[in-house]
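Common to both upcoming complexes is subunit A, partnered first by subunit B, then by subunit C.
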Partner chain A sequence: MRRESLETALFRAGYLVVFAFMLLPLAVVVVTSFGASGQIAFPPAEFSLTWYESFFDQTDWLRAFDNSLLVGLGTAVVATILGVTAAFGQEIDDGLVGRLLAPLVLLPMLIPPVIFGVTLLVYFTEFDLQGSYVSLILAHTLWATPLVYFVMRSVFRRFDWQQLDAAHDLGAGPVRSFVHVVLPNVKHGIFVGALLAFIVSLQEFVMALFLSNHTTETIPVVAWNQLRNSLSPMVSVVSTFLILISLGAILLAAAATNLNWLSKQLS
Partner chain B sequence: MSGNSNATASGAIERLWKPLVARSRSKRALLLMAPLVIFELLIFVAPFLILLRISVSEAGERGTAYAEGTWSADAYANVLTSEVPREVIVHSFTIGLIATAIAVAVGLLYAYAIWRADGFTKSLLLFSVVLPLLTTLVVKTYAFRPLLSPTGTLNSLLESVGLLSTPLEIVPGLAGAIVGQVYIVLPYAVLAIYSVLATMDWQLVEAARDLGASRPRSVLEVVVPQAMPGIIVATVISFAWSVGSYAAPFLLGDDVTFAMRVEGQILRDFQWPTATALSVVMIAAMLVVISALVAVLSRFGGEVEYA
Partner chain C sequence: MSEIELSGLEKRYGDELAVEDVSVTIEDGELLCLLGPSGSGKSTTLRMIAGLTSPTDGTVRIGEDDVTERPAYDRTTATVFQDWALFPHKTVLENVAFGLRMQSTSTDERRERAREMLDRVEMAEHADDNPTNLSGGQKQRVALARSLAVNPDVLLLDEPLSNLDKRLREDMQIELREIHEDLEKTFVHVTHDQDEAFTLADRIGIMADGELVQVGDPHEVYENPKNRFIEGFLGDTNFLAGEVARTTAESVVVETELGQEMILPSDGDDALAVGESLTLSLRPEVLTIGESPVANDADPETATVADGGTTNEIVGTVENAIYRGSTVRYSVAIENSSVFVERTVADSGAFDAGDDIRIRWNGADVLAFREDGTRVDL
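Right after this comes the complex of A and B.
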């Protein structure tokens, strides 16, 4: 019995340490954003809102916010359309193309982002697209689509396909039966997929580093370029905003489905 | 002339399309999958063919990235024989293997904890994984600098307790880069293992314990083999991302990884053939190591072994 309780205590201590490890860096970011001095220290010697005030005067950060929003929304739209249609098609008919699709969609996720950045930079330069929003959206779509695709495959698998057959039997065309029968059942899944695609794009920075130029830089790229020079609390302020956006997205997604299901989709 | 090539192109498409339709039950399904397939071909496959082509070109004259239309294996010879690229590759693989081992071991423990927890604790533990997963790499890595640097929180804490007289050099250094990299891949490792554990029957473990297995033994002999598909996915993801890591070694490490070198060669030195050849060699080496890891791990998986 004593050995059992020792094991339990060790196990508990183990996962509590990991729990702290997972959240500590995020806490550091949030806390240091309230620092008063120009140096990042944890915990800060003095607290203030100075850096939040000066954030709203900085045009390069505000422009980066707009860029991130634009690229994120673009990625969400393109990745959702590609992922939903492909998952739907595969559900109707899991033929040769369907079986090749899953590995083809997954493979980009295993290639180091730096190699992607290089490859796509070379590629988009051929079409004079380097630095454009289009190039950023397409690159991010490559990473976001697998998520939407696998979320939607899992959603479609739970859908009762006899309902669609029934709609067809009652004379509804393909578009009408999709809108009235399938869509209401999977709209939560589509929403979560789009949200994840948006977040992936918002947070991605290695490909954006290669593909953006001075006017299309996204937030993580600007943050990175500042970090290269010095560690200013301004980066913490921006990072706090990014963490808050992710937090909001998780709460929204968890409300639309549930956290347990969502977590399983992310792997 | 162009009309002629158009005709051959559409002829080729038709030759490709017909057997596809013949092998599938529904043309509509193919049409629905077509956008994604075309997207992957245009934005993933085609760029990689160009990357391969550049890697076998001659180095460019002054000011150009590479010499178009030339063929040469110099870049590969350079990558495979000279000292610096080899050191860079070894360093990247060191980070990759150590970070993967830690991430998978810790990930297994944490996934097991999530699986066994319920109610609010379970949600909290899941949340602690999902939030870092959806936070940008930049944010995740730089936070370790004020924590682990020689003048940082950890060192001043240990010094004030009297455990240390000289500060630990964690950041910048190999240890710092690995801590940062583990933090980046751990959420993925946890969730990959958890999603497999979640489908597993707890009664199997209880049965093993009723039959007299100690708790560590029941985990090693019942849980681990069952979770092996998840462990394999966790290993592949952690390894692939850690070998190609860029942000963590840059901000927290003290040595050049292959990703940092490729970045420099492309954006600053304009040596595209060498950079692309290095990328191709790295992908090939990664594939070899990943297949070896999968082969070794799947020997332990699937069936429960009774020793």
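Right after this comes the complex of A and C.
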């Protein structure tokens, strides 16, 4: 065996070990969800689907799923519109104002979510929005917009702007040239940005804890409340569903874009 | 009518003047080449005609309309871009039909017209291809078809041939010329390649440092350059520094760095003071070369008047010979200076480094420029 391939084999083996170590907790969560007893145990003494059955009977969990999806989709839509238009505008006219304001979109990501959550709660209470979906979507949008913005900056930087000139030149106004020429070139990037925004919203806990009420609680908030009472396998069931949703989203993204392109965008 | 009139056109980027006071009228059906080195403002001028860049001062008129404030999508111009800017996610046919689609032409009609255009540029068999898979020459043809499909009043070409190899470029120049004659539309073609400009243009506009220095038909611009920049830009020449030694009624005698006086015929239109510094331009095509005269021949220091002109003659030593395809260029040392001369390879007799060589020219073929670059009207 040549030295070079031995090193490669070792590197690969090491990588697999790290990878397995990182995926193991997911496996533990999925396995514990099939437990029969009232406490999380690994490995479970007895396997059953008891907790899956009771999941579909518990309205607060089902509502939490609906809430998370609603807030996630809302955040994805608002953050994508804001991030895409901001990046597009700055690419077209890279003026002084844009260059000074751009770093400001990073601010929400630098403030600890606990402080941000309290501040937003006080702020939204002023407008009677506390506990509403709107407040949750706006809070998550503050976090997700910078991500979409930076993804789109890098996507637009790759765009051949002469195409926009050509579209204008051939009689396409601002809206039609964006729809017919810019959009088809960057739609994969927009999709990735929207997916990021959705996932950020789906997993965000601290701000949601402050801003939601009993009817608007998202999955992480309900999970936290239940965990405080007991370590029941119901949390594992919910986590299993979340893992499936995330996997589904990634597969969807891979199919819609193709992984080759995705890795190029993120490198 | 699609006459274009630019008046006082200016484009400023901060403190940088990209285009300064450009005024010219491009006649209906004319092919004007804007020729200049990179950064001379020729592309910016073209973009202002297209409406893709807005001028900071001046006006653009196309036909009867002042279009200065009109965006590109409201103008009857079409541009062929340097990198062609084809839409990569559309097929070749969809690219060509795009402009018609924006004009809300019916699907059948625009497909028919797009096919017609592709036929014209001999790209019909590639109609369903993805433009990214085409070669440079093919992309160029598609871009041309795309611009022609909208039936523009004015076709603007922004160095569309500069990314093609020499052979293809020359073929396309002929084809462009033919398309122009066919369509009888106004064309404005931007290029930095003087051969291309001379091949294509009805008139050439020479740009330097954002200014339109001279506009005229190719022959006039070449034979009668307005200043030293144009003389140097349009082909290679020998520039020699000199000083006016004396003037007579029918000539000006200039003491040059070649260590020999040169006689330039003059009708005395432009007053020259003795001692004034001049730059003389000796183009290689006005220099005839031959073997050095034997020792008892005429004194080379003496200029002789013959053939109704002023023949000058000088002897030098060949420093080196460079083969440039169909011609050979000799660098000839004379005194502390050197000039280059050319002869076609087919001519009999070749010179080697170290050979003495005799150079002759007619003084009337020499152009003279003042220190500020302006031409002396001899």
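The working rule: the second predicted complex is superposed on the first by the 233 of 267 C-alpha atoms of A that agree within 3 Å, B and C clash if a C-alpha of one lies under 4 Å from a C-alpha of the other, contacts with A are read in each partner's own complex, and residues count from 1 in each chain.
Methods note: a contact is a pair of C-beta atoms (placed from the backbone, for glycine too) under 8 Å apart; a residue touches a chain by one contact, two chains touch by 3 or more.
Computed from a prediction, not measured in an experiment: that's the story for all the values here.
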| item | value |
| --- | --- |
| Subunit C versus subunit B on the shared subunit A, clash or fit after superposition | fit |
| First (subunit B), second (subunit C), both or neither touched by A:Val192 | neither |
| Angle at subunit A between subunit B and subunit C, C-alpha centres, nearest 10 degrees | 90 |
| Which superposed partner A:Pro184 touches (first subunit B, second subunit C, both, neither) | second |
| First, second, both or neither for A:Arg176, with subunit B first and subunit C second | second |
| When both partners are placed on the shared chain, which of subunit B and subunit C touches more of subunit A | B |
| Contacts of A:Ala139 with subunit B and subunit C, given as first, second, both or neither | first |
| Contacts of A:Val155 with subunit B and subunit C, given as first, second, both or neither | neither |
| Touched partner set for A:His168, first subunit B, second subunit C, both or neither | second |
| Partner chain(s) touched by A:Trp224 [first = subunit B, second = subunit C, both, neither] | first |
| Distance in angstrom between the closest Cα atoms of subunit C and subunit B, superposition on A | 9 |
| Residues of subunit A contacting subunit B in one complex and subunit C in the other | none |
| Subunit C-facing residues of subunit A, complex | 160, 162-163, 165-173, 176-177, 180-181, 184-185 |
| In the complex with subunit B, residue positions of subunit A that touch it | 4, 7, 11, 14-15, 18-19, 21-26, 28-29, 32, 40-43, 81-83, 85-86, 88-90, 92-93, 95-98, 101, 104-105, 107-115, 117-123, 126, 138-139, 141-142, 145, 149, 174, 199, 202-206, 209-210, 219-220, 223-224, 227, 231, 235, 239, 242-243, 246-247, 249-250, 259-260, 262-264, 266-267 |
| Subunit C to subunit A touching residues, read off their complex | 50-52, 71-73, 77-79, 81, 83, 85-90, 98-99, 102-103, 146-147, 150 |
| Residues of subunit B touching subunit A in the complex | 20, 23-26, 28-33, 35-37, 39-40, 43-44, 46-48, 50-51, 54, 106, 109-110, 113, 122-140, 142-147, 152-153, 183, 186-188, 191-192, 194-195, 198, 215-216, 230, 233, 236-237, 240-241, 243-247, 251, 259, 262-263, 266-267, 272, 275-276, 279, 282-283, 290 |
